[in-house]
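Shared chain: subunit A. Partners: subunit B in the first complex, subunit C in the second.
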Partner chain A sequence: MSQGTATTLAGNTPPITRKPKKNLLSDGQGTLAAILISPTMLVILFVVGIPILLSLRESVFLKATAVDPVTGLIPEGESFVGLGNFTDIFNNPQVVQGAWGPMDRLVNSFVNVTFFTVVCVVLETILGVAMALIMARAFRGKGFVRAAILIPWAIPTVVSARMWGLIFDSNGVMNAILGQKILWLADNSYSQMAIVIADVWKTAPFIGLLTLAGLQTIPADVYEAARVDGANAWQQFVRITLPMVKPALVVAVLFRTLDTMRMFDLPWAMVGPGKYYVETTSILAYVENNQLRYGSAAAYSLVLFAYIVVVAFLFVKLLGADVIGDDESRALTAQRKRQKELAKASNQKVKLARSTITSGEGQS
Partner chain B sequence: MSHARTTRRVLAAAATFGALLVTAACSSSASPSASGSAAGGVNWDERGPITYAQGKDTAGVWKGVLDQWNAAHPNEQVTFVELSPEADQQRADMIKRGQAKSGEFSVMSVDVVWTSEFAANGFLQELPADKFPTTGMLKSAVDASTYFNKLYAYPQGSDGAMLYYRKDLLDKAGLQPPKTWDEMQAACDKVLPDQKGMSCYAGQHQKYEGLTCNIAEAVNSAGGEFITADGKPAVNTPEAIAGLQWMVDGFKTGMIPADAITWKEEEGRQAFQDGKLLFHRNWPYVWNLASKTDGSSKVAGKFAVAPLPGKTGPGVSTLGGHNIGISAFTKNKGTAGDFIKFIASEPIQKTFLEKGSLAPILESLYADPALNKQFPYLSTLGESIKTAKARPKAVKYGDVTLAIQDATYSALQKQVEPAAAFGDLQTKLEGLLK
Partner chain C sequence: MTTATAPASARVTAEELAVLTKPRRGGKYWVSQIGIILGMAFIVLYCVLPFYWMIVSSLRLPTEGRDTTFWPDPVSFENYPTVFDPNNGFGRALLNSLIVSLTTTLLTLLLGILGAYALARLRFWAKGLVLSIIIACSMFPGITLLIPLFKMFTGAYSWMPINWMNTYQALIIPSLSFGLPLAVWNLTAFFRQLPVELEQAAMVDGCTPGQAFRKIILPLAAPGVFTTAIITFIAVWNEFMIALTFGTRQDMYTAVVSISKFTGAYGYDTPWGTIMAAGVLITVPLIIGVLIFQRRIVAGLTAGGVK
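On to the complex of A and B.
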């Protein structure tokens, strides 16, 4: 945008003289915006908001499970237990033997979730970026390569879980290739590895796809300039490609992180339930639900919910800088200040700094 | 360029929304639990259209049976509701109806291990003994339909395990089918050296319901009592531990191939059909598939069945099968009652066997000479079911079976010693089966 054409607020318009509004970003169309998004918000209220409130309510209740010794029937109703469903993991731990030694089932599932998230997302990011770099190249058969890379992403997870189940079968392809007799689908560290492989295979293309979109917005002349300056391929990648693709990549990685944290179908369909090496918190919540213990199921999902919120928050903080008091407002203030100065010396042609990336400079 | 701005917005939105989805997806709304409905006050003369719900009709027998009923009862039509082929999903669908006190599924096909849970929660109508006689039915199957000494369903189809063995190889070695584990091991020692790539024995050892069936059989066959007659667990006895020890040793010595720890029914059947097993424990459905002469089975005509072997004598099978029960909340219970009697009647049970190879619940059919000719395994199966033991009758069956699988699988994976595993299991089961 060398010849700035965007005229959001600045441009040739006369300088703003009235007192700035509280929200610098507001353009006075707030009411219209509210009307326009209200149908969406209504849907979200019904499919997300209300279920969450119901979950919260459910998580502090416990269904009666004691059997009447004479009739064998379970009495009706549920009782309020406060935070009992949450503290149960401390008061009444259900010790299981997973990859990380004997520990409570919920804690074990939490560690599994963290392990899978870290390992899978790191591998997926590396592979995804590599895929994007390949897909962005212009070469013969580009369409074919792009389609081939995207196929795994298009396959439903349950289907790919079954498929990888066959591959990891004791008589399957993987053992044939490796020449080993590894029992991937039992309950051991190999099962974890199998999950990681299948998940990376399936979702690296997702990161690749989003990164590709980011790559395509990088103008070619930046690279040209770099080459003129004598930058080698690695320098170009580290100094140009990565920083410029970062916004797209960060979103892709965040999506994958949140998605991996609630992983359910892959371990469930491939390795099976009750396998503590691969049991995730979503699976545990489902199992509890299946045993008609809705209280603890709701409590476990809420704990996972809180965990994901924290991770997402940290993610935004660390990789995306501040969201609310963002530097866009600051940039805008600075720009307006400059415009005022510009107006004062109206005949003077001022070359404004190029660092305000958030809004166009207008004609300078 | 507004990358940075968009990024942050999307990040914030994605973070919130993604997190929200988790709770929304995993939570379930509150629903009042049903109370048990008393047997009294039921109008057994109310008649009219009803529905019948069961899992996917893989045997392909139900259309004919329902057509037959509907032709004879124009005012009491039965509509077939076909549920998922997955047992868990069927159970969840039925529980949903029960908790909503809905009679949408008037008559349900209930797995034997769900019967207690459904009865305790009041989903099933108790069947008064005077109106629903059980004479002529297999005792073990009737026992699996009762809860607290009351009948809550009729047996619909039964199932028992059998030992499939390679008759050709045993005949060649001049051996009889084994009655004990030692005899089975001896037969393997004699036959296997000449058979490359063949293992001695396998059942179902993957961590799932099949493992519960297999370990219960091993314990009961070793002289232990997985669950005593009064419903108490007894897995920490020396006999019970010997049963687990046998299976663990089987993996250690290679009697059971190492990869069998990931096998369910189908993987084991495949191995047997490929000629990789001398002995195989499985359900009756394997007979037809292993007898196929289209090339899918290498053992067609070369195998036979025997009762399961035990430690010192004949083994004990675990009872499988389904019951047919009436929803406590349905209308037209008179029709529903007639319908389950119709399903349990001899002509229909015979149809199930002839058309779908389903094990009947009537004792008389197992002795029928014509049927025995058509199904050479029938008398063996009858013996198996007659002596079969039910899995624990537990309201929290899901927890019970998981505890059993936890203990067994960790012992099979050599993470825990058998005695320690079953000692721990005993404590857990005592809590669950109170």
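On to the complex of A and C.
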């Protein structure tokens, strides 16, 4: 981009004084980019890439805990069990009693994750959008409200868990307000509700903030035109506000969804580990890891990982979440799609050009 | 002006003019106005009340931790010295948090600035791939990475004979897995906002891309870098799972781990007053910082679009 014009010119009039490069269209951007980006990618390889591969390897091994009937000893090390760690939920399920009846512990945690994600994200989105709509219409005090909204975001989750722990204490202020004697933090359905409330409190303002940024990009004359055409407030909201705020909102909701799916610290610090009503898959895998059952821990974490990948994929495909937000990549994808469609239409194979939208440099 | 040119008979008084210039506001206007004010009051109360409860509870007498009066009577600061009781090791935990968060932030900025510049400005074939990898990293469940990292750092693999339990590097390096993508993503958004003409001008004047970056872009991007630093710092400061796994000795707890394990000086009863006081101590510096730089942070959060 920055040197585009210069190189195109150089490409058009072959340089005489300079040594000719291998590729006249290359201006060395690729090399520079590789140098600049490689430290980041190396670190990511070490802290993300290698662990994921090891996790995959780990999940097909099982540390022996039972006595070997032949030798009478507990065998050392780990043995290859293939998909054994995954199929264990069918073969020898570890049945626990959670909110959803007796079921395998992994299935229970999986249902918990789904429940928390759906309920929390729906509530957060509704509340957050409402907050954004209010703030967008305010004339005065916007800065003040924005400052207030950043408070839940800045409070560490563990601190907020302890804070809500006091509020939901059996002698705490929530019971005092409701005039009840509810055991919110015991292993029961109320603890699920407490977790939902604490999570929504912390993150709805965040969605509100991102939605507000989206709202502020909508020009006022669009609403004016709608009003002239006789649209009422609800129609304006459904036909203008929602579609125009959708790109910002979908990305915010996607990130919130993925974040809620891996929820760990809130249930851990508020209700505690080993409470089946609020046990998420992250907590379950962590507990397994603590008991040195690496194989099943890795398997459970991979189940969660796969779940997250599927949800992210659905978000991108169905709702069109543009998470990357890079014009160049977007243009390239669109171009490839066009070429594929063209090839399909003419029923012949066309070699996809890698990039023609650039002003000349493209690849090096 | 109107009054000066109008004939004497039609001249309006200043009071009449004030009435005339005032926009007509029907009942509907006032209803919506009151609705907005009520809505804003609701938002502020929603966000602040639980936090208020934490502060108020920290100011009660240590024996009245669960009291539900709206204002403590008497106001007592006794909980605060208790937080720093040597049994809790809270001072050390704060120091650990500071060391881990600062180091991680500096490392991510150092690497992130370089990577983000390439992603924002340079053109290379793998850009879409790199961006996807980085965004995917911020979506991974931490637990998937943690289990193998735990084995790696405890010397369970023969090719990595180290024991990093209860060391700072074991707290810092895994934190890069979410800190670095966050920083790169935010910085890329900031670098993209800077006009490319500035660099082009610099390069026309004979700068190499490297010089243009160092002398033109970096000084201009300083606010963005600073915002990214704050956001990364807060993310690392609030991190729980990694800190809980690799800091198992009390002197290697970070502040949030410490508060999750608080038993306080009064062992038989949950010392809510002390816990709330510790919570206030952990949170208030963050909140002051956030309020001072709120405009920047909001810009950073919305530009990055990432938690």
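Miscellaneous remarks
Keep this in mind: the second predicted complex is superposed on the first by the 266 of 364 C-alpha atoms of A that agree within 3 Å, B and C clash if a C-alpha of one lies under 4 Å from a C-alpha of the other, contacts with A are read in each partner's own complex, and residues count from 1 in each chain.
Keep this in mind: a contact is a pair of C-beta atoms (placed from the backbone, for glycine too) under 8 Å apart; a residue touches a chain by one contact, two chains touch by 3 or more.
In this text, all values refer to a predicted model and were calculated from it rather than measured experimentally.
Contacts of A:188 after superposition on the shared chain: subunit B is touched, whereas subunit C is not. In the superposition on chain A, no contact is made by A:83 with either subunit B or subunit C.
Of the two partner chains placed by superposition, only subunit C is touched by A:34; subunit B is not.
Once the two complexes are laid over each other on the shared chain, residue contacts for A:252 go to subunit C alone; subunit B is not touched.
When the shared chain is aligned, subunit C comes close enough to touch A:167, but subunit B does not.
Once chain A of one complex is fitted onto chain A of the other, the partner contacts of A:97 are limited to subunit B, with no touch recorded for subunit C.
Counted by residues of subunit A touched, the larger count belongs to C, out of subunit B and subunit C.
Contacts of A:275 after superposition: subunit B is touched, whereas subunit C is not reached. Of the two partner chains, subunit C is the only one touched by A:154; subunit B is not.
Shared-chain residue A:301: touches subunit B and subunit C both.
In the superposition on chain A, the residues of subunit A contacted by subunit B and by subunit C overlap at 1, 47-48, 51-52, 54-55, 58, 169, 171, 248, 251, 255, 258-259, 261-262, 282, 285-286, 289, 294, 297-298, 301-302, 304-305, 308, 312, 323, 326, 328, 358.
Contact residues of subunit B toward subunit A in the complex are 1-12, 14-30, 32-36, 88, 92, 95, 116, 119-122, 147-148, 150, 206-208, 258-259, 261-262, 267, 395-396, 398-399, 402, 405-406, 409-410, 413, 415-416, 434. Contact residues on subunit A toward subunit B in their complex (touch as defined above): 1, 47-48, 51-52, 54-55, 57-58, 61, 63-65, 67, 71-78, 96-97, 169-171, 181, 183-188, 217, 246-248, 250-251, 254-255, 258-259, 261-262, 272-275, 282, 285-287, 289-292, 294, 297-298, 300-302, 304-305, 308-309, 312-313, 315-316, 319-323, 326-328, 357-359. Touching subunit C in their complex are the following residues of subunit A: 1-3, 6, 29-30, 32-34, 36-37, 39-41, 43-44, 46-48, 50-52, 54-55, 58, 130-131, 134-135, 137-138, 141, 143-164, 166-167, 169, 171-173, 176, 201, 205-206, 208-210, 213, 248, 251-252, 255-256, 258-259, 261-262, 264-265, 268-269, 281-282, 285-286, 289, 294, 297-298, 301-302, 304-305, 308, 312, 323-326, 328-329, 332-333, 354-355, 358, 361-364. Considering their complex, residues 32, 36, 39-40, 43-44, 46-48, 50-51, 53-54, 57, 65-66, 68, 111-112, 114-115, 117-119, 121-125, 127-128, 130-135, 137-152, 156-157, 173-174, 176-177, 180-181, 184, 189, 196, 199-200, 203, 209-210, 212, 234, 237-238, 240-241, 245, 255-257, 259-260, 262, 270, 272, 275-276, 279, 282-283, 286-287, 290-291, 294, 297-298, 301-302, 305-307 of subunit C touch subunit A.
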